[in-house]
Amino acid sequence: MSEVLLEVSGLTMRFGGLLAVDHVEFNVKSDEVFAIIGPNGAGKTTVFNCVGGFYKPTTGNIVMDGKPIQGLPSHKVAQHGLVRTFQNVRLFKSLTVLENLLVAQHTHIETGLVQGLLKTPSFRRSELEAQKRAAEWLDFMGIREYANREAGNLAYGHQRRLEIARCMITQPRLLMLDEPAAGLNPQEKRDLQQLIDLLRKEFGVAVLLIEHDMSLVMGVSDRILVMEHGKPITTGLPEDVRTDPRVIKAYLGEE
Amino acid sequence: MLKLQNVHTYYGAIQALNDVSVEVNKGEIVTLIGANGAGKTTLLMTVCGSPRASSGTVTFLDEDITQKDTHTIMQRGIAISPEGRRVFPDLTVAENLKMGGFFLKRDEIEAGLNHVYTLFPRLKERANQRAGTMSGGEQQMLAIGRALMTKPQLLLLDEPTLGLAPLIIAQIFDIIRTIREEGVTVFLVEQNANKALQVADRGYVLETGKVVLADTGANLLLNDEVRKAYLGA
Amino acid sequence: MGNNIKNALIAAVMAGVIIAPVFGLQIVRSGMQTHLKPEWNMILSGMAIVFIFQMIRPVFGRVFKSSGKKRSMPVLTEPMRRGLIFLLIALALVWPFTTGRAQVDIATLVLIYVMLGLGLNIVVGFAGLLDLGFVGFYAVGAYTYALLYHWAGWGFWEALPFAGGMSALFGFLLGFPVLRLRGDYLAIVTLGFGEIIRLMLINLYTLTGGPDGISGIPKPTVFGFPMARRAPEGVTTFHELVGWNYDTQDVIIYLYLMALCLALITLFVSNRVIRMPIGRAWEALREDEIACRSLGLNPTRIKLSAFTMGAMFAGFGGAFFAARQGLVNPESFTFIESALILAIVVLGGMGSQVGVILAAIILTVVPEIAREFAEYRMLIFGLVMVLMMMWRPQGLLPVKRPQVELKA
Amino acid sequence: MSEILPQLTQQLFNGLSLGAIYALIAIGYTMVYGIIGMINFAHGEIYMIGAYVGLVTLSAIGVGSGLPLVVIILIMLIVAVLVTGVYGYAIEKVAYAPLRGGPRLVPLISAIGMSIFLQNWVAIGQGARDMAVPALVTGSFQFQMGSDFVVTAPYSRIMIIVVTVLMMIALSLFIKYSRVGRASRACSQDLRMANLLGIDTNRIISFTFIIGAMLAAVGGVLIALAIGKLNPFIGFIVGIKAFTAAVLGGIGSIPGAMLGGVLLGLAETFAAAYISSQYKDIVAFGLLVFILLFRPTGLLGKPEVEKV
Amino acid sequence: ADTIKIGIPQPMTGPATQYGDQIQAGALTAIEAINEAGGVKGMKLEPLLIDDGCEPKQAVPAANRVINEGAKFAVAHACSGTTVPAVNVYEQEGIVAITPGATSPLVTDTIKPHFFFRTIGRDDQQGPFAAKYIINTLKPKTVAILHDKQTYGSGVATQVRDNLSKDGVNVALFEGINVGDSDYSAVITKLKSLDPDLIYFGGYHAELGLLLRQAREQGLQTQFMGPEGVANKDLVAIAGPAVEGLLVTLPADFTKLPGNEKVLENFKKANRSPDGAFTLTAYAAVQILVDSINAVGQDPEKVADYMHSNTFNTAIGKVEYDAKGDLKEFEFAVYKWDKEGKLEQLKL
């Protein structure tokens, strides 16, 4: 069995009088796809924000790979190998696709000022390597041909891919995707599903997924957490969740 | 009711609509489908006069509105739930809705609010929450509710189901049907082509700024090309 | 047409209202009393001009519209940009030897502003941080040299790195607490810092000479030999050394060449740095801070580096300014100076180095030319600023961002 | 010392009256910023022009005209408000409207240019020298406190405080309850969306500039009467202070502008009184920095939430 | 060239315009009179009017302009704030310049110029003179001193303070105020509770005008005193009746000087007023330049040497220079303002 990578327990987030997340508990193993679903406003994105360090949870423990990370600022969390995409795509729009990927490698490459000014060999090497890695990812995502375009001008589906590539190039342990299929057409959704599968298999990264598109969720997830009103209702395998009457009532509706 | 004839629209040098002609009749639900970047949003916004068509004409209720200012057009009885929702983030939910009913009388506003609240109970629960802090789906509901508040004759919906839970998506399509019953004409842009074509009387398919297909919703659902490209069959 | 006349009439009336209290009815004082001296023809001619202008404007409009769909700015391509830079440098090199004293003098001033503009460009153009107190760092640089000279007798060359370093340190220390502020809040706080620095310079009388500032600051030496008419006992001046006759023109040209060197270094660094990881990080941060954080980039650190580096160039500029001027006082570092530098950056087309250079030229030369018009000088300057912005809202020379290309 | 309390009272009054001035002008900044997100640096100049128009009007009427004082001041205010309203409208149309939609800093520079232009426009028209404004409102409210310290509150300054408070209340009610006011709230959130709801955003923007200009003019006239000296450059410093006040209070918020203005006025006054005039601006700006460190969006500004 | 250019960089805009006007009046009248009498060695004098706004940052450009226009002589800068930076330029370029207005010691003390001169006294004459008057005649127990934080204002205020303190007068307050502020009530309240016997202000009229007006408004009736930079008609307009009783130190009234009948006639002919503290100092500056050029020709180096080693008879009396271009002797007097804004010279 694979070990637990992320362990969230007793997570609670309160906004004024509103309990957006209420004692949520789950763990993600190092090679699984774990999905969170639930009605709008259930608190899914808020869970992401707490885990990713964008909000400071009211209470709760978040342990990544044995190290507590709750309360750390988001860039520190990211350095623990936990990166995310956003519900609304957040690319560096006026930078090129390639540059988006170079920025993402900032913490991994030679950033010395003097080296850069003098274009020392080590600096050149580091730049070239970064470009090579970026090129590999662009190939992998099938958007190599847009490498020199401004990211903001890409079609939406491609922007989603780029956002994922930008996460992956930081060599994360856990990839968090917030509604990655929103705004994609059915064909693109299917591509996305394959991509998620591949990422897990090829790169051994765990995926934490929020999504409203059931065919995608049921297709890729190993386990699913269902939330409603900030509380976890159930955690289980896709088949179980799909047929759980509580889930159907709160979320899926009768088909 | 709404008629676009040979419309061309540009963003600076980029052409987004190329010789588009589209018609929406009173009482219909018309849907527009197309891939990302096909120009769907642009088409809706051209109706609103922002950006303006650089050639061709847009007529609404037999009036040429091509060169009219956005606010004039919108006051003629058009409402939009725009792409990206664009709720007023610092205003509360209730205030957002009231802004929708800006030109209404006080009692009409009350009635409108009640109407929206029955459609979206969540909005009533959160009437005093600042809209910017609502979840993605909640904001989407608010955007639709706000558009309904204006009591439009023609409702433009730009991907209204984006980010909504399955249950709510079903509800939204129900609502679209309901408001049509109430006499509102609906012009709908959707990624969810399957569902959209099911409710729509007619549909248009847009590809890179051009209308490539126009037919009834039912026929389009059966059309092979459409099935392949947009329905994922 | 009728509508047109109506609009023109309304505009004319408004013009009347605008002109009347300022030009039309002049306040004249006689003893303790004031009375008005009406200048009706002033008002009427103003109204007439506006009326006529409004009437013919639609015609103009048509002419402009028919020429080209949308006035999209020509964007400089990379080879054009390089060509232009080399052209500018070549011009800068022959300039002092082909023109007169006044021209060289103004050109030196231009170069100081180029340096400052490029420095602020890093902060505002690259990193997107609105800094309205840039002049503070300029002041720190100038005073660092002035004080080192005054209290310790340092020369320009020894003091220069300290001036840059001191400004950078100030940038770092001031930036640290405030860089988490957003947009315009940052702007006003930096404005406040700029003012605080200036006021401190006025108030710390014993250290800085207060409003009098520090004078008698020596010009840069040439390898240790001063460029001056007379030197202190026992020191050989440069003209004595090489056996020239003393000519102020030489000094001015020498200063100009110094400024050119410093400006070129600034240009080189800012040009390099934007193609380096740190430069990319600045731009990324300008676009989306949250996304940056989600990728593990520390926003405070990155912003600070931009702020500090910009401040450092301001410091160099300041030290040079002190040397050229021979005197520093707080008056030279008022807010309006910050505004001018910012105007250079914006007019240049944020982030565009060639643009900044051209804008520095325009905004320095215009007020000098406008001196001909005596009291209309600043009026013209203000007007030019407004018109420039309307004419070129994207900046004089918007460039394509320098991009790393992925080769096939 | 028995004089501490009376002195404190006097300084409190001084600070309030200075703060009221800042507040009145700060509103204009706050409103314009709220709606189009632009720092209108030329706003201080409108205040200056308002003061000049007041003086021109006064000279036209003549000090010894026999009209009751209230009437004279009212006429001055009305004329000043009308003229600056036109100024506000015209400036927006000429210098800012064409730039809308462009890069964000462009209107800022245009505004700085406009500010320089207007200063010199008046300097050429009316001369760059100091103009004296006759003291119309003389006399003061006095009461003895302590052994021999007479607290003095000149009527001209009491007038400023009263008028500022009244304007503030009127404006707040107006924004809250009138149609235009509500429309301007929508515009300040999302101009494009407001437009899509059928609101004529251009009119709202013009309106904002006009109201802002009018308030500045009221300030200009009242202050000219209280201070008695004018020159074309008075607008700039006051403008920067007022802008600081607006930010301090939370830019975009009208009560915030009031609070920020008063706080700034008090801070300056007390710094001058108990530290040294030399340090009063340092204290003022220091306070600004200090407060923003703890409340990054000003005292009454809503914390910026960006939902990710 | 067939003319000799004389640069006259002076405030033509801004609050100090009054002083620029006086200097222009003096210099132009002198130039016209000399041209009428046949010029200098057959060449006419050509005045170059340049604005320096009395702003330090315009000083160097204005001075450069003098040079760029080809003038080798100047009647330069009214204000100390502009003169101090400009002196460097004149000295570097070897331009002979005379200031008829700037009184700050810094003008000549910092670089001990060879080419720069004054036709007015220094504040380390004016300050001690004022202090002496205060001690001998006013005999205050406590004095408060304010200044405008500028070269001239703070300089002369410091002089007064040091001289008063030296003689045991209690200077209870010494504080700078901001130029351009319009509200000084805080500092006035402070003065009110301090209740000094005299308030000395170092600076220009605009600020003093407001101080006076606001002081009286708050019921502070203390005697005010200031240096020659406050003595200006505009002061009366700003302060109104509050100006009554103000004491100022000014150069002596040179219009009454015996031997100046001819000069006054020239003013009458030119239809200009000889009044004002700096009109005749400017007139004298032109006289000195002309005398020197007449003697040694147009080489600035020689002119400067000549000026250092000779005595001149001018509209302000006999003039003699020390090594750094300061007058060997200059006289100030104390004046008092009345309600109408007229000045009356006080007997010492």
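We call the chains A, B, C, D and E, going by the order they appear; numbering starts again at 1 in every chain.
In this section, contacts are C-beta pairs under 8 Å (C-beta built on N, C-alpha and C of every residue); 3 or more make two chains touch, one makes a residue touch a chain.
For each chain, UniProt lists the protein as follows: B = ABC transporter ATP-binding protein; C = High-affinity branched-chain amino acid ABC transporter permease LivM; D = High-affinity branched-chain amino acid ABC transporter permease LivH.
Everything numeric in this text was worked out from a predicted model, so none of it was measured.
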{"item": "Required steps from subunit A to subunit C (each step between touching chains, minimum)", "value": "1"}
{"item": "Longest centre-to-centre distance from subunit D, chain (CA-based)", "value": "A"}
{"item": "Core chain by centroid distance, with centroids computed from Cα atoms only", "value": "C"}
{"item": "Far-end chain from subunit B, centres as C-alpha averages", "value": "E"}
{"item": "Interchain centroid distance [CA atoms averaged], subunit C/subunit E, Å", "value": "34"}
{"item": "For subunit C paired with subunit D, centre-to-centre distance based on mean C-alpha positions, whole Å", "value": "29"}
{"item": "Cα-centroid distance, subunit B relative to subunit D, in whole angstrom", "value": "43"}
{"item": "Distance between the centres, which are taken as Cα means, of subunit E and subunit A, whole angstrom", "value": "74"}
{"item": "Junction residues of subunit B - those touching two or more other chains", "value": "133-134"}
{"item": "For subunit E, residues contacting two or more additional chains", "value": "13, 149, 176, 237, 240"}
{"item": "Subunit D: positions in contact with at least two other chains", "value": "123, 127-128, 131-132, 134, 278, 281, 307-308"}
{"item": "Subunit A-touching residues of subunit C, taken from the complex the two chains share", "value": "269, 272-273, 276-278, 280-281, 283-284, 287-288, 290-299, 401, 403-406"}
{"item": "Residue ranges of subunit E in contact with subunit C within the complex", "value": "12-13, 51, 55-57, 60-61, 64-65, 67-68, 81, 84-85, 88, 92-94, 104, 106, 110-111, 149-151, 154-155, 176, 236-237, 240"}
{"item": "Interfacial residue positions of subunit D with respect to subunit C in the complex", "value": "33, 37, 39, 41, 49, 52-53, 55-56, 58-60, 62-63, 82-83, 86-87, 89-90, 95, 98-99, 102-103, 105-110, 112-128, 131-132, 134, 240, 243-244, 247, 251, 278-279, 281-282, 285-286, 288-289, 292-293, 296-298, 304, 306, 308"}
{"item": "Complex interface listing, subunit C residues touching subunit E", "value": "29, 32, 100-102, 105, 202-203, 205, 210-212, 215-216, 228-229, 248, 251, 325-327, 329, 331-332, 334, 368, 371, 374-375"}
{"item": "Touching residues (chain side subunit B, partner subunit D) in the complex", "value": "48, 50, 69-71, 74-75, 79-80, 82, 86, 88-91, 95, 98-100, 102-103, 130, 132-134, 146, 150"}
